[in-house]
Every structure is written in structure tokens, then in C-alpha cells.
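Input: structures, listed below.
First subunit A sits with subunit B, and in the next complex the same chain sits with subunit C.
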Partner chain A sequence: MGGKVTCTLGEVKNRADFIVYWGGNPAECHPRHFTKYTLMQKSKFLPRGRKDRTVVLVDIRETKSAKAADHFLQVRPGKDFELLTILRALIKDQKVSEEQVAETGLSLEVLKDLIEKMKAAKFGVMFFGMGLSMTRGKHMNAAALLTLAAEMNAFTKFVAMPMRGHGNVTGADVIMRWQTGYPFGISLNRGYPRYNPGEFSTVDVLVRGDTDCAFIIGADPGATMPKPAIDHLAKVPTIVLDPHVTHTSRLSRVHITTAPAGIAAPGTGYRMDEVPMPLKPALQSPYPSDEEVVRRIRETIALRPDWMTNQPQMIEAQI
Partner chain B sequence: MELKVIENATCTFCGCVCDDIELHADDVRIHQAKKACVLGKSWFLNHTAEKKYPDALIDGQPASLDEAIEVAANHLYEADMPLVYGMSNTTCEAQKECVAMADLLGALLDSHTSL
Partner chain C sequence: MLRITGGTIYDPANGINGEVRDLYIADGKFSSKFDAGRTIDATGMVIMPGGVDVHTHVAGGSINFGRARTPEDHRRTHAFIRSKTRRSGLGGMAPTTFATGYLYAGMGWTTVNEAAVPVLSARHTHEELNDIPIVDKSSLVLLANNEIILDLLEEGEDERAKQIMAWYIWAAKSYGVKAVNPGGVASWKYGNDSKHLTSKISGYDHITPGTIVTKYAKMIDELGIPHPLHLHCNNLGAPGNVETTLETMRHLEGSRAHFAHLQYHAYGGDDWGNMRSEAARLAEYFNAHTNMTTDAGAVLFGDTVTITADGPWQHLLYKLTGRKWGNLDVENETGCGIVPYTYRPSNLVNAVQWAVGLELLLLINDPWRVFLSTDHPNGACFWRYPEIIQLLMCADYRNECMANLPLNIKNKISLPEISREYTLYEIATITSAGPARSLGLKHKGNLGIGKDADLVIYHQDKDIARMFGHPRYVFKGGEIVIEEGDIRETPDGKEYLIQPFYEPDIDEFLRPRFEDRYCMSFENYPVEMERIEHAQIQKCTGDDAEDGDSQ
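== the complex of A and B ==
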């Protein structure tokens, strides 16, 4: 997500006096987010800590995180995009009808009050979770929220940040962006990177049966993906690198046990705000690290003739 | 067995990546993960340095690492449209190797983010 208006969690901790969580449940999914980065910390600019901050939760149901918030806005499921668009209109004093607001499950009064508070803030931040970016509208919802954050800067400082989930998924985004220019959903089959989620994203590729060999590392799609995707993984030669024998390993042709990253393998991991952190493994594993195994596979492949110079037909066929 | 204390260790279970964890570990397992939350604690305590699984499995049968690397490389090289996927629970160094390998193969490359 290049071009987003964002900051680091250190800035949030020290400066954010208005915090919105949208479509996420940090109390249960990111348990130390409140205490370590957002709500509870005291700082030079917010000496009274929690008392100096206003916290709003927007979600489709009242989760445990609602208890920690000052205001809870219950949006009707699937209406996040509408709500964000209405907020974007309201901050610019454009006219919005009661009916349009009612569709989102909220009232104009509540939204006007919210906007007043947003504009009165010195430093606002909006965290958004999968409840926003994985439901109806998907990345368009995330884009609407990022635009709202950017537009709020006409009035006061405002930033947005995705609440990234498991492990080092932020690192994967960063590394792919650095190496290919795109964060995910990439095809290198023409010898240069192309980006097209929906076409090159894994679920779609697997459901369509568009791959004839899958290399899976640090993930267990055999436990999480829809059944047609898993069926295809079982059909083609699948190679799995994982510290455990996973669901995916059981349907794979090759499983290689590796040392768990951060526990027995050293390296770097990215925090959700894209700050890299060194890992400090406590144990010595009897297994090699992911890094070592992938490098050895790559070196073995590199010994063979290059496929691109071998079969340039795709390029010629295009001309 | 000697008990080590590792200060300011990093938890990568969730996106918070807390880097203030105090780990108490012997050679085999981590006994305590101070300051970590419930999720982080169970993550640290559930991994051990025991040899619970074979080095590798080929078609479900235990195999050596060298064999597995050879077979994996073969499958990937022979494929017309290989896919490199995942990269969540691993290090940036390994992710970089994955991108290099996908580049070499002319593969599809994707992470959890696309789900």
C-alpha cells in the first residue's frame, strides 16, 4: 500500500489523542496493542495517558474491545464503504440525507459528533482490521478509509494503519515490494514482475487449477483455504517448509522440517508499522532454517539450464 | 541443564511484534515468557528444540534433507507454472530467498495478504 498516510507506532504512543479501531478486535487478536502502543501509554504530549485519549471502535458487533473504547459505533454488516463515504462527505460539509445514514445502522447525530471530535483532535489515527478489508468491498473499503485519513489532514493531523495479523506477513509485503515493486499477487512468468490480485492471488490460482507445482512456506493453506483450492494442492506436487507436519504437509509430495523463526532461527521480522525488528532465538534447533533450505533449493535449480533463454516462445509469440 | 535468560526477545506471533519479552529457556524448551500476552506465551512455550519430526518427508516417507531438496528442486524446475506462496511465519531473509527463487523459476509469487 504505497502512498498511504501513516506513521510508526512510536508516534501513536507519544502523540495520538484520537484513536479509531475499525473492523478489528485488538483485545483478543493483538492483546498488547492497547497497553504497549495506544491507549495506556503516558508520554510528554499525553501526560495523563488514557485520560488524554479518545478511543472509538467501529465494528459490526460488540466485541471485547468495545469495553476499552469510549464510543462504540455498530455499523450494519457490509456497510463500511457507505459509512466511510458518508464521513468523507460530512467532513467537507456536504449534504447527506437521513436515509443514507440510516442505511449504515447509525444516525446523523452520532456521525456529526464523531466528526467534531475527529476535527478537534491534535493527532488522529485509524487502525483497520480484517473486518474492514476482508468483507464486502474488500480493498475498496481499505482505500476509502485511507482516503478519509488523508482528507482529514485538511483539518488536523490524521493517519491510518492496517492491523496486520499473523507473524511476519508485513515483512512479506515489504520484501516483495522491495524486490519486485509489488506487495503480493505477482507473476514472474514473463521474466518480469506483473501484479494482478484476483488473477495471480493464490486462492484464485488454485481454485482455477492454474498451477502445476506449489511451494508453501510459513503458511498452512491446507487448514484455511476453501476446499477446491485444497483439492488442487493435493493434485499437484506440493512442497512444504514448516516446523511442524501441518495439514498441508499431509497432502504434499515433499515436506521439509525447518527451525521455527524467532524461536530457533535468527533473522528479521517486521512490525505492523513496517519497523524491522531483529529476532532473538532462545533455542538451538536440530533442523535447518527456512532461509538455508530455500537457498539450497534455489542453488540446485540454478545449476540447470535457464528456462527463459531455453524457451523464449512467449515473448516472440507476443510480437 | 543450564537455564538461560534472554532479555528483550521478540515475539512474532501477531503484528504487534513485541520486543520486550524475557525468555527463560534451557537447551530444549522455553519455560517462561515474561511480559508476553496469552497468545505470545503459548507460541513460545509450544515450540521445542526436540526432534519430533523426521528431517523431511517424501510422499509421506521419512527422507534425508539432501534428498528432499533434490526432489523439491526437480518438481519446481519441471513445472510450467510453479507457485511460491505463504511467507508469513518466516524471516525476511527467507522471504528474500523465496523471491529470488520465484524469479529464477518464473513463478507466481504471493503471500497471505491476498486472502
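== the complex of A and C ==
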């Protein structure tokens, strides 16, 4: 069944003698990642640093990260799931045909060599990026990789970790989980949290035109979302909290300039391994923090009558 | 001011066993006087101090990992609908933070101890604790696999190790020390385990799990920490592990110790097929050694999600069940594993576990030393405590439940021979007065003058589970928070922590070791005091000069 077998980045720094990057380009997208956490660090268990580590890159093209790797495996676009599944079979010594392997753009020899190295590792880690989780197969690819890492624990210590995007995406995910039980794609319309990505995800709600107001903090959907979503944002009263002028702020009804978090506003940033880091502002800003603006809006709204007061307080089961 | 009249009072801390007395409340405390104010007529009702949970997992990275892994359960569980004064939330196996506060208060519990916090993510744990309303909170920090401390023990630097322990407790803004599978989780970083007290710990040559438990208990006593070493023994869950548990108890003679979820550590046999209860043997030893307390870690049949810092155990459980597995190793400090689990009465192992939890509660004869817990959510969810109270109070009901167990459980458990039934006085002891005393929270679990006015009023009811599941009133800090199942107020709870003494130069000693192991800056590591809402620093040292409730 698999699951999610992971660790904090310090464990990678201290112990990982075998590192796989799959569908990601940390050399360009996470420039400090190699030096701070993975390749270059020396530790008690890996005193020679880079020399004690083996690094493999799996991607559809040879990016700058390939230079940093000992081995580069070029997988045919859209064949990640097949390749991961073949690896899962091979670690258990199950039969895989030459044709099935050939479809992935790699040879059985290369894969057998990879598995030998994986099993010989003391501590293996697989990082995966958007090149895996946002292409054909999407979450199925990520699940296959997580399962491979989990199953590798029958042979040696192995973990996996997504390379998360910029900003405090992880922090939002963590907080939504403890307050609502779900990471994203949440509707509070009925007065309690419901979850259905594809229905309640921001983009789906906007494309359907289900909202009559939008409140956006620290994100720029106007730059990335499909046109119908952007059109809807322009149509309804959209309020943006952002330190900068953005695509979204340009189409919004109200843009409240806020102090940039971590630079001029304090708080907590969650690292991609979910370790909370205190944000200590180095500068002063004439603008209020996001937190202060939200608090003041909330206080003002609280003065109005509550439309849900007459609802029951608890329901036994949800629909 | 407030007066509660006519109730029948069970207040073990003051030896009051079912007497009709009036209680007066002023400024959140019990008072000797009443001038004017509301009177609540509790005639015919039962009054106890608010419940205290000595061992639960309600906040932080692991339970939040658990929430992420169980969306299917959120869907089917009960939901709390928001109101003007109340946040929304979901109950179930791993309830959301707001719901956690409502559910605990809803059955009369007013203080909870989060039993497993990695220092590295303590900031996160406190943020969640801040979001748990109504109840007061404390937390224990995971240190028994901390490689910096283990290195010092390996080097024979015991005094320094003790200082670092104190440093870590304060860095985490925590209330005490939790040891989970001492040395075993450190071995897990190599994919190994350390099951016995003499086992090798991967990466070390001199120290063993036995060294760690013995030295940690002493260090904690020397630092004067209010709650003793809170120990999750090695070899959890395995047939035959009673030997490890007894050996651990022998190691701890002469020290204080709290044995967490003893149910998981009381098995005989040598494989899953012949696993049997050894609760009677364990209880006999435990009864004769008064340096120890324990919580039951009782199991109830049904679905739950298991969450422990015991990485190797969770890996084994994953292999046994084939269900989804979550694992999170925390650099230098600890691990964490998650596997959803269903306890079934038809499953022999589960049936034995169910019986062992109850046997321990019934065979340990001093209710001041054994406390009600399910190791939430591991054995069952905390909101099922009323079911366990019913099992303890009604031997007939117990026998009825036993009829559902597999026939071949005969000779594997001793529950059928036990006729003891708990009294209300004993229930008040194991759910409140006892755990409060073990935690060193002198103003909790006590209806005496000047103590915190946390109490629960129950209707007398022959249906014990219904009685304890639906209090007539729950008071927290003198305020009515629950009335006939309705949430009236959701005040913020306090958070208890301690500041054990350490030499100021320990920072500079620790810094290079820290920088070698971690990947965050030394300055950013300790949790800032401002982040703890309603912090209450409790006194260390055993001198009892003053209640710490002064801040």
C-alpha cells in the first residue's frame, strides 16, 4: 500500500548517502538546496561530504542539475509512472519484459544498476518536483514514487520528499490541516469544513463562477490561472493583500499594500519538510502585516449579525 | 460569584467520598465564602473535579500528519458547525484543534497533556495548542533518542547531558520529558531497532537502552521536574515484551517514573499466535513498587489511526496490516510513524489487547497510580473514555462484551476472573485527582479552597457511558462551558511549562554540536516565550514552597 515515508532535511544532510532527484531542477529552482541540505554538506556520518554521496537525476531532459549528479537517467516524457512501477517490480525481483523497459527510454541494465545502488545505500532519499507531480499521471506518479520509497525500507532506510514551491505553501497546508482537517480545496459554506479537490479548489470555484467575492493573500492567481478564472476575479469584488503590484492586484477592486512577511513582518514560515521557522523581520515597513489587516477586517465583520446563528451546533454525520 | 448546592461530591484529593456539600466559586477558584450571585441546584447530581488526561496526542506535527492521512474519516465523522463565538471543526480519529477542545470539555475533561513533542517542531505544537480552546494544556518533549544527549552519555559526560536536557526543555517551552523506545528510534535512523535493555544502539558502543532509562530518570529527578520520566518502553506491542517492561521497572527502582500506555507492554507468548496477557504479573510487580505511576493505554474495538514516535514499531505495523504508512524522521531528535488501524473483537491479538487494558486498570490496586488513557488516538479516541468507565464500573457489562471475543482466547486473559467494579470515587481518582498529582499540577483535580474551579456535574444515570458522555454542566475556571451538551463559552486555556536550571555557558558548549547536526540556525531554534499564549511557568525542585500558579 505504501504511504508517505519522509524525514526532516537535517536527516538528509546528516545521513543521505544516496540522493535521487526526480522531475525537478533544484540547481535552478532551489538554488540553496544543494549547498545547505544535500550534496555539499559534511557530517559525522558522511565526513567527506559530496564524495560520500551518490546523486542521481531522473528527468525528461538534461537540465543544469544533471551536472551536479553522478548519474543522469533520461526518462521518456509521460513515462514516469511506468518507470516507477518497473522499479517497484525490480526491487522485488519480479519479471519485467525488455519491451516494457524500452518504453521508458532506458535499458534494463541501467535500471538494475540503479537498484543495486539503491539497495546498497545506507540512507536513500528521493526528492520529487513538479516535473513528476504535475505531468501525465499527476498524483498517481507521486504516489508511485512514495510507494517505491516505502517499499525500499524492506532492504534499507529510504525516504521521499516533495520539493515544494515558493513562499509559505507548506505553512498554509499545515494550518488548514489542523484547523479543518484538510490541506486545501476546502469549502466552509455549510459552516463546517468539507474537502473535494476538483470541486472546491480555488481554480474550480472561480471557473464555475461560484463566488461573489474573492479575498487573496500572498498569491497571484491572475498570473497563472486559466482565463475564465481570471475573468471571474475581474467581475466580482476582489480584494488583494500583497506587498507588490501584481497581475491580480491590477484587476482587483481593492489592493491593500502589506508589509512583506519575513522581511518587514514577523511570523512563521514552514519549510518544505514542515519544520517551522521563525520569520524575524530585518526592516521596518510603513504598511501593516497581512495578519493585522485580516484581524481588523474580522473584527469589523464580527459587529454584523451572524447569518448562521440559528443553525444546529453539531451534526452527527456529513453528507 | 457562584454557588453549587446539593450535589454529591467525589473529591479524592480531599478524601471526600460521596458527601453532599455546597461549592462556592469566586474569580475562577473554589472559595470558602458566598455573598451573592447565581446558584445552581445540583441536588441528586454527581460532582467531580474536571478530568485530566496525562497522555494524549492532540497537537503538533504527528497528529497533523495523521489528519492528512485520514480524509476518509473526516468525511464520516461528526462536524462542529461554526457560530458567532465558536469555530468549526471535525471530530473523529484525529480531530481538528477547535473540535479537540469542544470534545474534551464536552465530556468534562479540562486539562490535557500532549505527550510527544519534537523540539525541532515545538513551535508548531504550540501554535496548535493555542488553537485548542477551553482546556488547559501542557506538553512533554521527546529526548530519549536525541543524539547530542546520547553522545554525551556515551562520552561519560552525564552532568553536561543533564544540563542539555534542561536546555532543551526550556527551548521547547515544554513541561517535562518523554522517552519513546529509548535508543530504538536512534537505531531506526539506520533501519534497526533496540528491543531490549541490553540491546546495541546503532552508532553507539557503550550505552544501551538500559543506560538511557536509568540515567534519564535520575537526571529528571535531580532537575526537580514536577512530572517524572514519562516512558514509552522498548519493544512496544510485541508478544513476550512483558520481560522488557519488568526489566525496565527493575532498572528504575529508586527513581520516579511514569509508564505510558502500559497495555502495549504487557504481553506474553513469543509470536502473534500464542500472544497472551501478562497484566497480572505486571500488576503484581507494579503494586509492590510505589515509585511508579502508569496510564492504561486501553484499547476499544473500532477504527483509529496509530501515531507514535516509535518509528520501527510503526514500520512493523505497516508490514503486518499492509495499510498506508507515514513515517517522519526528525533530525538528531526522534521519529514519528503513522498507520491507520482497526481493532476487531474477532482478532485474537486485538481481543487480548482489549482485555489487557482493562485488566491493568482492575488489577493495579491503587487508583492514585493508574490513570485512564487510550494513548489517544492509538488505542481508541479520547472521546470514547465514557465507554471505558462503563467497562470498569459494571462487571456484568464487561462479561457481555467478553461474549463477543474469539473462543480460543480462554487461558490467554484473566479478565473473566476479575469481579472488581470501580466506584465513582475511584473513577474520580483515575480520571482527575491521580493524573493531576502525577503531573504535579496541584491546583488541578482538586475541589479544595483556592484550587482552579474546573469541575463536572453529571446526572445520576444507570447507563454509565451515557452519564459520563453527557455531563449536565462543565465548569472551567469557574465559568460554565458546557450545559446539557451545548457549548456555552470557549475561553482560551492556559499552557503550563517549566524552566529547569542550567548553567548559562551551556549555550556556547552546545552551539558547535548543534550546528553539526541541525540545518537551522542556533538562534532560531528555541521557541520564543511570546509565542505561548496564557503561559504559566510551574516551579521545579521538590521543595513545594509555593504553587507555581502565580504568574
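Keep this in mind: the second predicted complex is superposed on the first by the 306 of 319 C-alpha atoms of A that agree within 3 Å, B and C clash if a C-alpha of one lies under 4 Å from a C-alpha of the other, contacts with A are read in each partner's own complex, and residues count from 1 in each chain.
Note that in this section a residue touches a chain if its C-beta (ideal position, glycine included) is under 8 Å from a C-beta of that chain, and two chains touch if they have at least 3 such contacts.
Computed from a predicted model, the values in this text were never measured in an experiment.
Once chain A of one complex is fitted onto chain A of the other, the partner contacts of A:K157 are limited to subunit C, with no touch recorded for subunit B. Contact with neither subunit B nor subunit C is seen for A:V56 once the two complexes are overlaid on the shared chain.
After overlaying the two complexes on the shared chain, residue contacts for A:I217 are found with subunit B alone; subunit C is out of touch. Of the two partner chains placed around the shared chain by superposition, subunit B is the only one that A:G262 touches, whereas subunit C remains out of contact. Applying the stated contact rule after C-alpha superposition, one finds that A:A302 touches each of subunit B and subunit C.
By the touch criterion defined above, A:G10 lies against subunit C but remains apart from subunit B after alignment on the C-alpha atoms of chain A.
With both structures placed on the common chain, the touch criterion links A:L188 to subunit B and to subunit C. With both structures placed on the common chain, the touch criterion links A:K36 to subunit B and to subunit C. When subunit A is checked against subunit B and against subunit C, the one touching more of its residues turns out to be B. Judged by the touch definition given at the top, the superposed model places A:T180 against both subunit B and subunit C. Residue overlap on subunit A between its contacts with subunit B in one complex and with subunit C in the other: 36-37, 174-175, 179-180, 183, 188, 190-191, 193, 268, 270, 276-278, 280, 302, 308. If you check the complex, the residues on subunit A that touch subunit B are 29-33, 36-37, 134, 163-176, 179-180, 183-191, 193, 197, 200-203, 205-206, 210-219, 221, 224-225, 236-237, 239, 241, 243-245, 249-250, 252-257, 260-272, 276-280, 282-291, 293-298, 300-302, 304, 307-308.
Put simply, subunit B touches subunit A in their complex at residues 4, 6, 8-19, 23, 25, 27-30, 37-40, 44, 47-51, 53-60, 65, 68-73, 75-115.
Of all residues in subunit A, only 1-11, 13-15, 36-37, 41, 43-44, 122-123, 150, 153, 156-157, 159, 174-175, 177-183, 188, 190-193, 195, 268, 270, 274-278, 280, 302, 306, 308-309, 311-318 touch subunit C in the complex they form.
Of all residues in subunit C, only 59, 61, 64-65, 67-69, 71, 74-84, 86-90, 92, 94, 96-98, 120-121, 123-124, 127-128, 131, 189-191, 315, 318, 322-332, 338-339, 486-487, 516-520, 524, 528 touch subunit A in the complex they form.
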